[in-house]
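In the two complexes below, subunit A is the common chain; its partner is subunit B in one and subunit C in the other.
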Partner chain A sequence: MPHLDLLKAAAESNHWMAILPELLLGSLALFLLVLELVLPKKQHDVIPAVAIIGQIGILLGLLLRLYPSFNGQYTFSGLLHHTSNGEFMRAFFLLSSTFVCVLGTIALAKQKMPRIEFFNIVLVVSAAMMLLAQSNNFILLFVALETVTVGFYILVSYFRTNPRSLEAGLKYLITGALSSGLLLFGIVLLYGVAGNPTLPGSTANSMDFTALHTFLAANPNNFLAAIGIVLVLSGVAFKIGAVPFQIWIPDVYQGAPTPVTAFLAVASKAAGFSILLILMGVFAPYNHLTVTVLSLMAMATILFGNLAALTQHNVKRLIGLSGVSHAGYLLIGVIAASVLPSNLAGQAVGAIYFYLFAYLLASFAVFGVMTHVAGGDDADQELEHYSELAKTHPFLGAVLAIGLGSLAGIPPLAGFMGKLLIFVAAFKAGLYTLLVVAIIGVVISIYYYFGWIKAAFFETWRAPLLEGETDPRPVRTPVGLAAGVMLASLAVATVVLGFYQGSLGVWLLNR
Partner chain B sequence: MTVGLNHYLLLSAVLFAIGFFGVLLRKNTLVIYMCLELMLVASTVALVAFSRYNNTMDGNVFVFFILTVAAAEVAVGLAIIVALFRRRQSIDVAELNALKN
Partner chain C sequence: MNSLPVDLLLLSIATPLVAALAISLGMPLRLAKGLAAAAFAVPALIALFLWSRFAGETQHATYAFLSVYNTGLQAVGIHLSLGLNGISLPLFVLAGVVGLAAGLYAIQSNAERLKTYLVLLLVMQGGLMGVFASVDIFFFYFFHELALIPTFIMVGIWGGKDRNYAAMKMTIYLTLGAMLSLIGLIALYHKSGANSFDLIALRAALLEHGLKAAASKYIFGLLMFGFGILVSLWPFHTWAPLGYGAAPSSAAMLHAGVLKKFGLYGLVQIVLPLLPLGVAEWARPLALLAVVGNLLVIGFITIAQRDLKQMVGYSSVMHMGYAFLGIATFSVAGAGGVVLMMVAHGFSVALLFLLSTSIYHRTQTFDMTEMGGLAQKAPVMAAFFVAATMASIGLPGFANFWGELAIFVAAWQFSPLLTALSVTGVVISAIYGLRSAARVFFGPQTEAFAKVEATKPVTDLTCCEKLPALILIAALFFVGFWPRSISTQLNSAIEAIYHPSAAVQAPAATAK
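So, the complex of A and B:
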């Protein structure tokens, strides 16, 4: 019975313990729904706490290395490849989904909405992202990516009584499905070409990244494969919001609930970069093509993001467009990593991960303040709403200043170190044109980031309220305990990481 | 005339192009949605053809995953469209302009 032997051999590589964190996260998501059924309505407030504490538990397990290690191995018949980069991204996604849950409790308290589904979907999306960062096969990559995207469609339009949230959801749906279509067609072309028995190096397992890499190395000038690569990269560029696939960003970021905007800005972008790094390794034989495409994209992304952010008054659109420019800086890191020889490329990859981590800390600090300042209409958050924030809430003002300063790359904050490491890698790779564009971008970005800080710190003249007119600024409430602890630790971490990178820096940069 | 791999690929490319330009040019949300599905179906046609001519099963299996994903997307997408129609009494994309600076 040869078939049985085949099946047995395939099943032997199914190490379920290798995806224990993802399984735990998925079970936690289901457990939340069970709790909603079982508990009486009055006690539903404990469910978000269960979600947050559960995630912190899973995260601690990852950080303390309590799960069995499969580092360097391929499991599930080569569907997954466990690497230390994958481990880092797992912790990254868990951390961001934990923060999103904390922000979610604040934002949902201002709305009359069913709550538990929000946390459930956030956990499922986070688990899918963790799988995505370890994928080694196009089928798994596509299915995990679609789990993330479909989850985000729901999350973006979560405030379903607000037409602007629904409109953002529909726009994300159309552009997201379009990019999935492009990605899928690219995958199909690569699958078809790599499986063609008449070409050298053809493979029967052409969805697999390792086999595909071997095939591409044997056929460095195949036209159909080149089209496939460009289509796949377009699909990924949509996720990271690189020009010309950034059109959805301002509208979707504005309409989505603020915690979801944070999730999109940090985790979805990081997921895009983690698969971009994997795919650039697979597509390495086509570097002459991919590096050109990505360089043009990076330049356009940095300039467009910064220039478009200059004119924004809505802070959600502003942070979205500034996030576009951050994607541009990270793209420079990706290009450096694929151009540099392999002994130096590790440092460039480490710089990208450090930048992403600094970006996570700073972004969640800013989004935390935004969630707190927001009023009943979540899409309506203007710069004017921040006037006198430092006077009424000095704590929030300080956190906002540290977060925005780190995003702008002001020394000695963590964001400065991230930019420095990326620029050093780009300099070593000889990408001088890109460096000049990036530095121009950083200079422009200081203007709008400091415009926001100015709105919060310095008094501006405001027209006295007429009779019957109400203050347009939302009512400000005191900061709760969980949110306060989260914001304070994010701000402290941003400052400390700028001075002292500790074992994280050693691990990321000495490879 | 026998129908070969190239004919299937041509059909798939034409379907994909119809879907892609339909998404970009049409104004009715439901038609746009049909065009998005058409793009997925175009990929499926090419996938099955490649799978048949390359003699590998991966493509056929992948089709089931794509169908499942498309079904999930439709379920969520139509729900959003219906909810939006209830609020705005319109599904024309030209009238979706509440989000601006």
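So, the complex of A and C:
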């Protein structure tokens, strides 16, 4: 009978209402497939709209706090830990997937591809990310992470008639499998060590973060645990694209459909950071090790990302490599958060979230413009395709300038405030060497971001077209209503958040 | 603490920005021009009004018209805190007046895509007013960047020769300078322990417990080079002549006249009073760089210039040497001289950039060897140019004289040798200044110019060109004949924050 009691207790901790947003999102994904079966083919255009509106509805529910709050509680036998950070990331992922769906409608219109599965997979991946940000157990973390990764395998090679997209999918599959292997091996090592009954603080439940933390605190110098930690961090570093696990980024970003590249660049990276923040808390007794590893990674990441982006002419590769450098700046914030005493660490974490949010706004602004400028071959997006963009499409030009300016960290845009908050946190933590590297990185980055703006704004001489020659620049898609609203609000939010952070700033920094 | 019914400082920043937004949302050109003129006039009038009111205001820690707004970052000690003291007031007026002149000159210029041009200038103007009205050093930096970004774009789109290269070079240099300054300011904030970017709070915290000598030294170094790059300290000056040479005239007027003073102002208002130990450490190298590099080396390079706009650009780099020398003396007279000189130089260099563009419209070239005899055709323009040149050389009767005089007096106690060398700078500026006036306006007309004139008859300054020039020259004369209108307030403010009893005591005995 005790077994039944155990099961009963476990069932009682299954508060399904705690994951209501994820459940709704999953149901929405299934509902899309039902619609595809039920609706006549002519009316299939409604389905993306349903996906977008449904996500906005779920997001509004989250922002207006309509769902029952489980803040601070552990549910599902400790698989999930609901925190305010998790709430923030839930909204973050929902917002990203909504934008990806809007961009998807534009990009898919240029291809002869099945439409509905794209939106379906995006929604499932987003739900998995939302769970990931609240995970408190390696089992759940791994399952959610694999759901995300498998979803991305399909999304990256979605334009299956384009060899670049297929190549990208294969590369992502191979490197992704390697990183999953590293992560799993790390988890197993930690599981094994923490379950060793001869060690103090050993636990039967060593997949659980709380129990693992207690064990690590009791054994601060265990060699096997140290290897496990480094392996787990390597697996996460693959997601955020930190050196030396950035190798997949340029090719995959270039080959993947532009909306998927945006999803990878923003949501997948942010998912990596949200689990990194959770794990850094778990691994806190090994700070001496993790901080060294992450510091080296951050330096290499900032320098590599910026230097490699300097020579790129393909904008998708460029933004991918610049995204690598952003991962480096964010890593500085993570290091600051783990070095600082707990009363100041909250501010560093707030700085990371602010940076991520500013990065989301700016990246989607830039990717939105890219989706409009791209032609039939989605992998072929060169800097020179942007010439005279500001003249022919002033709206797209302005959005691009604001997005790139924010990524470059130019005041008065949100990206600058993110960098500032990270730098302040780094100063408080005394990370002077990292700051110097970050400054060098920022100055280098001005060159390529400004070069892109230059391509769109400044007039350059173009050879006149000979007879029979066609303009190498692809035809630019006119801006539709949904995309126009999205791009305008992204640009306005980027500018306003640079001037006035208001209650978002208060919420993020007063913790 | 603000005795005014509305916060005029906030209004002076917001008006140009709101006008810029309104114009960019779309309106007919005539209306846009009128709105822009009004939006340039409002900050200038506010500045003059506040100047007249300043003496009667009650001051809090030398600041009047104080007001504080929360923007959501109070957790890290950032507030939008606006106010003016005796040091920022003259520069605030400078920003308003030069902004008005540059704006009027742009409105009459008929540049291509004029509306976009005006929008960028208005954003720049809003930033400039904010730089000098900010008491919070974060916003001081923030507004500087807000004004800087439009400069790059204006150089890139409306620039002259080599504009792409010039825009890129300016951007990279100035970003580097700005990043160094930002790191220096964050370091100051962090080390002061005030947990606030507010200058008054920072000063109070540092008065209570000074900085360690090592911290003071490296923060001063960061800020000196950061601000130095922004003010074209030799050998980090190469962006300046190139950038000014390529920049459209109104952008050059605002940048060389006002925005570049950001770094010097930061040194006088923030760095010197808060980091006295750092000054002691760095004064000699700074003075040496300023005198040998900026004054002498650049002085000789300026003499060699044939291109009028490049010459004005180099001369503005050269005159920054006086300012750095004044800062290195670390004295009330030196710092006061620097502020006076900044104001005077702002007016005179803006006037020179304005006139060089007007000359270009008549001669179709900036090459001074292809001009000559312009005075007969355009006597009013010649008079303005000669006056501006005299002012820039530093002749008595013009504002520049008082600034340079005060700096020389202060520098004599610092180092007689460097003072003697720097006085030769006056001779150098007289050589290139008078020679350029002679080449452009007097002497026989060159053949090249005669050819240009045959296709397009030369006229004197039009009314629309005269108005901004008149504003600037009136300001130069006013300060020149009545320097006390600035110096009384300036002196009391500087004495209040530099005086040993009020300044940050940081010898080893009081350091933590």
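Note that the second predicted complex is superposed on the first by the 510 of 511 C-alpha atoms of A that agree within 3 Å, B and C clash if a C-alpha of one lies under 4 Å from a C-alpha of the other, contacts with A are read in each partner's own complex, and residues count from 1 in each chain.
As a working rule, a contact is a pair of C-beta atoms (placed from the backbone, for glycine too) under 8 Å apart; a residue touches a chain by one contact, two chains touch by 3 or more.
Note that this is a predicted model, so its numbers are computed, not measured.
K.L.:
Check the residue A:P412 against both partner chains and state whether it touches subunit B (first), subunit C (second), both, or neither.
P.N.:
Only subunit C; A:P412 stays clear of subunit B.
K.L.:
Once the shared chain is lined up, is A:L435 touching subunit B (first), subunit C (second), both, or neither of them?
P.N.:
second
K.L.:
In the superposed arrangement, which partner chain does A:S363 touch: subunit B (first), subunit C (second), both, or neither?
P.N.:
neither
K.L.:
For A:S387 in the superposed arrangement: first (subunit B), second (subunit C), both or neither?
P.N.:
neither
K.L.:
May I ask you to decide whether A:S126 touches subunit B, subunit C, both, or neither, giving the answer as first, second, both or neither?
P.N.:
neither
K.L.:
Which chain makes contact with more of the residues of subunit A, subunit B or else subunit C?
P.N.:
B
K.L.:
In the superposed arrangement, which partner chain does A:F450 touch: subunit B (first), subunit C (second), both, or neither?
P.N.:
After superposition on chain A, A:F450 lies in contact with subunit C alone.
K.L.:
Is A:I139 contacted by the first partner subunit B, the second partner subunit C, both or neither?
P.N.:
first
K.L.:
In the overlaid three-chain picture, which partner chain does A:S503 touch, first (subunit B) or second (subunit C), both, or neither?
P.N.:
Touch status of A:S503: second partner only.
K.L.:
Could you give the residue numbers on subunit A that contact subunit B in one complex and subunit C in the other?
P.N.:
none
K.L.:
Would you tell me which residues of subunit A are touching subunit B in their complex?
P.N.:
138-139, 142-143, 146, 150, 153-154, 157, 160-161, 163-164, 166-171, 173-174, 177-178, 180-181, 184-185, 187-189, 191-192, 195-197, 204-207, 250-251, 254-255, 311-314, 317, 379
K.L.:
Which residues of subunit C touch subunit A once you look at their complex with the stated criterion?
P.N.:
Answer in residue numbers: 71-76, 138, 141-142, 145-146, 149, 152-153, 156-157, 163-164, 167-168, 171-172, 175-176, 179-180, 182-183, 186-187, 189-190.
K.L.:
If you look only at subunit A, which of its residues touch subunit C in the complex?
P.N.:
347, 350, 405, 410-412, 416-417, 420-421, 423-424, 427-428, 435, 439, 442-443, 446-447, 450-451, 454, 457-460, 499-506, 509-510
K.L.:
What residues of subunit B sit close enough to touch subunit A in their complex?
P.N.:
Listed in rising order, the residues are 9, 16, 19-20, 23, 29, 32-33, 36, 39-40, 42-43, 46-47, 49-50, 54-56, 58-59, 61-62, 65-66, 69, 72-73, 76-77, 80-81, 83-84, 87-88, 93, 96, 98-99, 101.
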